[in-house]
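Shared between the two complexes below is subunit A, which pairs with subunit B and subunit C, respectively.
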Partner chain A sequence: MRKKHNSTQILIPIFCSLFFLSGCVPTYIFDDIMIIEGIGYDYIGNGKIIGTITTPNFVQGTGSGGSQSTGVPANGPMVRTLSAKTYDGKSLIDKFQAEGQMGLQGGKTRLMIYNKAMAKHGLLRQLSFRNRDPDLPRDMNLAVVEGNCREILTSNDYQAQMSVTQYIQNLIQDNSRQNYPETDLAKFLYAYYGAYMDPFMPLIRKQGDHLELRGLAIFKKDRYVMSIPNKKVFLFKMLFQKFNQGVYDMQYAHGKHIALRNVHTAISYYVRNGNSATPDIYAKVKVIGQVRQATPKAISKRTSQSVAKLFEKSLTYNAKALVHQFQKKGVDPLQLGDQVRSFTYHFDGASWPDRYPNAHFHCQVSVNIQQTGISN
Partner chain B sequence: MFWKKKRNQRAEPDTPAKTIGGLFHQLKSNPDFIHFNHRSDTFTCWISFFHTLIDINFVHRDVLSFLYDRRVSSLNDAVRVLPMEKVIRTKDLTEIQAKLLDGYIIVQEKESSSECLLIPATKNHGRQVTEAETETSILGSHESLVESIEININLIRKRIPIPQLAIEEMRVGKISNTRVCLLSIDGVTNKENLNTIRQRIQSLEVTNLLDVAQLAILINDNGHSLFPQFLDTERPDRIASAIYEGKIAILVDGAPAALLLPTTIVEFFSAFDDYLVSWPIASAYRLLRLFAIAFSVTSSSFYVAILTFHYQLIPKELMSTLYTSRNSVPYDPIIEVLLLEIMIELLREAGARLPTKVGQTIGIVGGIVIGTASVQAGITSNVLLIIVAMSALAAFITPNYRMATTIRFIRFPFILSAQVLGLLGIALCYMLFVCHLIKLTSLGRPYIEPIFPLRVSDLKDAYIRLPYNNQTMRPLFLRTRDPGRARPKRVQAKKGKHKSDIDE
Partner chain C sequence: MAAKISEASKIGPTSAFFIPQAMQVGVGFISFQQIVTDSPEQDGWISVLINGLATLFVMWTMLSMLENEKKYGQADLFSLQCRLLGKRIGNIMNIVILCYICFYTITYLRGFIEILQVEVFPQLSTFYFSLMFCFIIWYVVMGGIRNIFGTCLLSFIYAVPVFLSLLFIIPHAHFSNLLPIMEHSPRAILSSSFMATHEFLGFEYLMFFYPFIKQTKHAKRWAYFGLLNALYIHLAIIIVTITFFSQGALQATIWPTMTYWKSIHFPLFEHIDIIFCIIMLWNLIPSTSVCSWAMTRGIKSICPKIKMKYSIYGILILIILITSLIQNGEQIKEVHRLLVPVGFIVVYLYIPFLSFIQWLKKRLSGDHT
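And now, the complex of A and B:
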């Protein structure tokens, strides 16, 4: 005979176990841990890397609340940066634990940067390790650094009054609202693990007392192969995604420039003969923009049609050149292979890497200049 | 067991008087009991009453002067002469006793004769009808119920001037014999509801009943629940509108409030003012209340969960603010939260118990002085002080005081479960409460009705209030005998052709 339990008989053991076992759940009390903000990897050859982490020093640079009003001396994390040699793949956090006076936690990491040598060496181990760790945020920013990560993360001479990590992250995120394509760990991993596509990251360097974006670092799988300069990033983004608020600067004659700020750009692809040896990829780009900077008398309402034609020519030419460059290197950050696949029945994926460099890229750009600014 | 049995039998008062003489003997020691022999030339009688219960001027002017009349020579004459519509003549001792204690005068021919004349002379001494205190409103009627049931019924009858308003009186309490009235409209109110509530009240086994809230606790569906299952209100306009809707109202003599039943949970969050402002505004304020309650219940538990377990969820812009304010606090978030929550609870309790004038001072001392001091001393953090104060404020947005108390109380299980299992704990606690609410009934009707079971037509007057011309039906929840409130055709009829006035 089955004995019937009433609800108290069931609930009391549950509550007891909750009560007594709650001590077994590890707690991460926000101010009793060291939160890692940024991680940098410098490759020093021979399978060794120097890793650097930064933790935020909240007490420094926070004007309101905090230390003055409470009257109690504030004690923020003592260590601001740590760096150590490690063989790659090993978790930096575990390595550094012996040096942190509180538990190190990576759950709010905003930034991971790699120097060029590291990127050329390959990020495979780093990426699979990051991907495996569920504690890490997927919206953190990645970047390749020209120079030394450690120097960037530890130097004190920046003009900005915020932490370096925040500085770099703001730099990347603000620019990705304009000329730069959006990048984060999730998007990088998507392109890395996805078929017929290659990932990319922004490329930064330290220039005196500030940081600057240099362009995009293009990867072939996990290895850095080439970079595209800052002025071509507009073309890249134009072929990559729909966006606005980017600026394209055109030199139409020697020393004469017109800058176009786009208010809308749409890209649509069409593919023919996807399984042939030379597939045809048609890109149709529609740019709607405003002219806000121009050499005096370069453009007026009357001449805007002809200037638009100039822009169309320049954009088409340069976009084609950019794709050719990618094809030559055999990298596909624009995910053209994925476009071809989506337009082709029974797509032959195995031979795609061989066919990609031979694909014909046709580009048709139409520019519509809606405003030319105040010119009289 | 024998002693137990005996004790149970003694629920009635000691040695009930067997005869009228015995009754008078029992009462004689009371200083306010007056028992005297009146002699005139033609008529001799014994008059007895409690002078504290009767209107003495009325007795002198309208009773004694007529009894002293020359024409009166017997009780029969007295009945004829007395200018009252309801003079009772009885030998029933229990009735005599009850009426005597209700403020009647007893007139007998001989002291020991069991035949009595009962003359009503009740003194209605009570509070004047004043402004509503717990359910204050800016718009609408300012009257509120008082302790006297007659005045209360008067206030309601004035608002429902129809013969169908049925008032059913019952007596509750073995000793107190408190008057309890059920108010409903014949032909609208569901009979089943009426029978249920009548049966529940009649089968009550209590010695005394002093307040309507006590009655609500005695007759509710689940006595262990934290949630009030019947709505109590002190506004006669709210009572009247509920009765028109098909609800039952219960009045208890001596209590300045009424119960409305059956009730759903959403009605605890609607104020009567909602019906007096235009519907978009009323809806906006109802939604505001809803969010305030959600905030009030969960904010401090979210603080505990996130700061203890889920530092990943803190927005990066907020991190430095939180860090600097938490930095000097030596305790874990849970201790800090409990400290502040209990402090606010103490303040509220002290403010409610103290006299009004001191109460305000306590509010200032507690809120400003202790709050700032505890932050400066580094016992609690700035951010938490704001969260706790805001959630306390949000809890009092609830128009019903009993619901507000519930809202404030259920915060604590949430905080404790947040400490035990973090956000998962909050989710589990939430599940527990939702399961309980789904099971809960009010007079056998589902307590969270417009949501579960989903009745779309009742949602028109739940979280939002749609305009009156959309509300042509009485709530489905009440299962009224006359579900239509207005003829939809007429209510939604198109307006006449507009004559444009602007164009010249």
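And now, the complex of A and C:
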């Protein structure tokens, strides 16, 4: 017992002195740093870009009352943005440090957007640099912008009373619970580094005083090659992942529409002859949905079976057309190549880029309309 | 030399579960996936499974060897070697084992400091950190084996949220990444199974504290259970990693576990990876303490004059010095790479060999079973 007592007597001063060592590592106090929320890149040719960053400014002041009470900084005068010309692949945090009145920290970056020219130029430098940086979160959203990133990030005329970065992020994330496939940095890098697949991002545009999703921007490795429009995104997500709460609008005759809201969609793939010149890819899609809006007299409980057949036909046809479009361009955002690999022992990966356009895509969609609303 | 261990300083049979557990699930858990999936790609989990099952076999030889040894004296590795190989060779082997333990500690400590430097504090000084850390180790080790057992137990409890973090990955997993199963040659799978040794090292420390366990009969079950649990954790992590990363992305990632923690997002706090990194720091305390304690035991058995109280200073100073000598990531990688064959020879070859010698000796002396 006596010995124990002695050791504690020695230990207490030692442990107290350890607290002085904490000064060895710099501290970042929340009030004394500028947190970068969003980063935008506009390509201006010749390896040069215009980079824009936004930081929320938590100073109380000119924002509207409603936004203050929720703690969300108001847009406009409260968000500080910086933009300047630099070369591709440089960290904007280092670049703008000279212009920031406080230390810039990128640990909470929510969003990175690229304009179309930047995406066409290729994101190679951007991505290897993002993959290396341990500070950045992996769940940040990426997007391609039609138009100008700088304009989107610095505009003051949005209706939304929140910072533009949060606005864009909410736009992307809420839509990815519905028609849009889930996209974030981790998923983009998954497809970018993975073999036999290509990444994609949502495509956004500023339309007057608000932003809108225009569809998906499809990349070939790091370069933007094509986009698919908003109305085909349901098909894309249907072939890409299991989801619910999407809406598919079918025009079954001129001016006559039925909208199917799916409550469950599952996809399973099966591949035959994976190493032959023309592999057969079988996609089996199961859609369970409900109809809540339709042209008058288009659907009733009695006719729902035949309407389901119509949906099956339309979905199958359009899904095949979509895949065919990808095959023509030689891009594989649906990761079909990876599906073929997973079904084929000793998959011949070297010749896959040549075989991919010739692959037969068979799609079988079964639609089950669970309910047609509360009136006949 | 074989002083009786007082009943008060003994630990319960569950220690055979918690102490190897704390040693096995350590720093390697953050980084081993890339090494294991290097050649067998999606079949990496089979390699981990093979190695995990091999640990069960080694554990069986270890336990039977220690059980037989009880008749002749103290049942720990140091006195066992002296008895089986003769005093001189036995002591040389004891020193070799001491070097191995020291090497193991330094690899783990430096590996973790590297992760802290990369992910949390870029300016963290290796020397000051290991100095502060060794104060804690000193405090724990001076408290004796019961104290060390306590830290092992706590580190297991604290690490539970870290293991549960795997659940967040399941919705984003691509299970088709695991197919086709057994595509790679047995050679590729076995060679990466060899590389996975790094992950499962640590259960051999049971051989040092075995005489301190009460009711060793019950401890047996706990020991196997601990190994199975470590196997389960590693298998779960490797499968989740293979399904979460594409092969290309996995090969471009040094700490896959850290990287997928970055994808976990909560509304109220971000950077769960840093929180988990600090929790994993808790795991380092018991593993370093057990190592330092085993080293003091070894020194005491080689040279009974040196008391544990004094040898611990020398050991910790040695650990601090060598840890701060390893300066950059490339050297750390080399050290980690070296630990694999060394650990493989000591644990998977030398211990069964020792068991064989024991059996041979028993046969030759015509002992009454």
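A few points about this structure:
Convention: the second predicted complex is superposed on the first by the 334 of 376 C-alpha atoms of A that agree within 3 Å, B and C clash if a C-alpha of one lies under 4 Å from a C-alpha of the other, contacts with A are read in each partner's own complex, and residues count from 1 in each chain.
Please note the rule applied: contacts are C-beta pairs under 8 Å (C-beta built on N, C-alpha and C of every residue); 3 or more make two chains touch, one makes a residue touch a chain.
The structure displayed is predicted, hence computed values, not measured ones.
Touch criterion met: A:N131 reaches subunit C, while subunit B stays clear of it.
When the two complexes are overlaid on their common chain A, residue A:T27 makes contact with subunit B while staying clear of subunit C. Contacts of A:I35 after superposition: subunit B is touched, whereas subunit C is not reached. In the superposition on chain A, A:P56 makes contact with subunit B only, not with subunit C. Contacts of A:D184 after superposition on the shared chain: subunit C is touched, whereas subunit B is not. In the superposed model, A:D139 makes contact with subunit C only, not with subunit B. Once chain A of one complex is fitted onto chain A of the other, the partner contacts of A:K108 extend to both subunit B and subunit C.
Once chain A of one complex is fitted onto chain A of the other, the partner contacts of A:G194 are limited to subunit C, with no touch recorded for subunit B. When the two complexes are laid over each other on chain A, subunit A has residues 18, 25, 107-108, 137 in contact with both subunit B and subunit C. Of all residues in subunit A, only 18-19, 22, 25, 27-31, 33, 35, 56, 58-59, 61-62, 64-67, 69-72, 74-76, 105, 107-108, 110, 135, 137, 166 touch subunit B in the complex they form.
The residues of subunit B lying in touch with subunit A in their complex are 306-312, 314, 316, 319-329, 332-333, 375-376, 378, 382, 419-422.
On subunit C, the positions that touch subunit A within their shared complex are 118-119, 121, 123-125, 128, 132, 135, 139, 142, 172, 174, 176-180, 183, 244-249, 251-253, 258-260, 262-265, 270-271. Note for the complex: subunit A touches subunit C at residues 7, 11, 14-15, 18, 21, 24-26, 107-108, 131, 134, 136-139, 182, 184, 186-187, 189-195, 197, 269, 338-339, 342-346.
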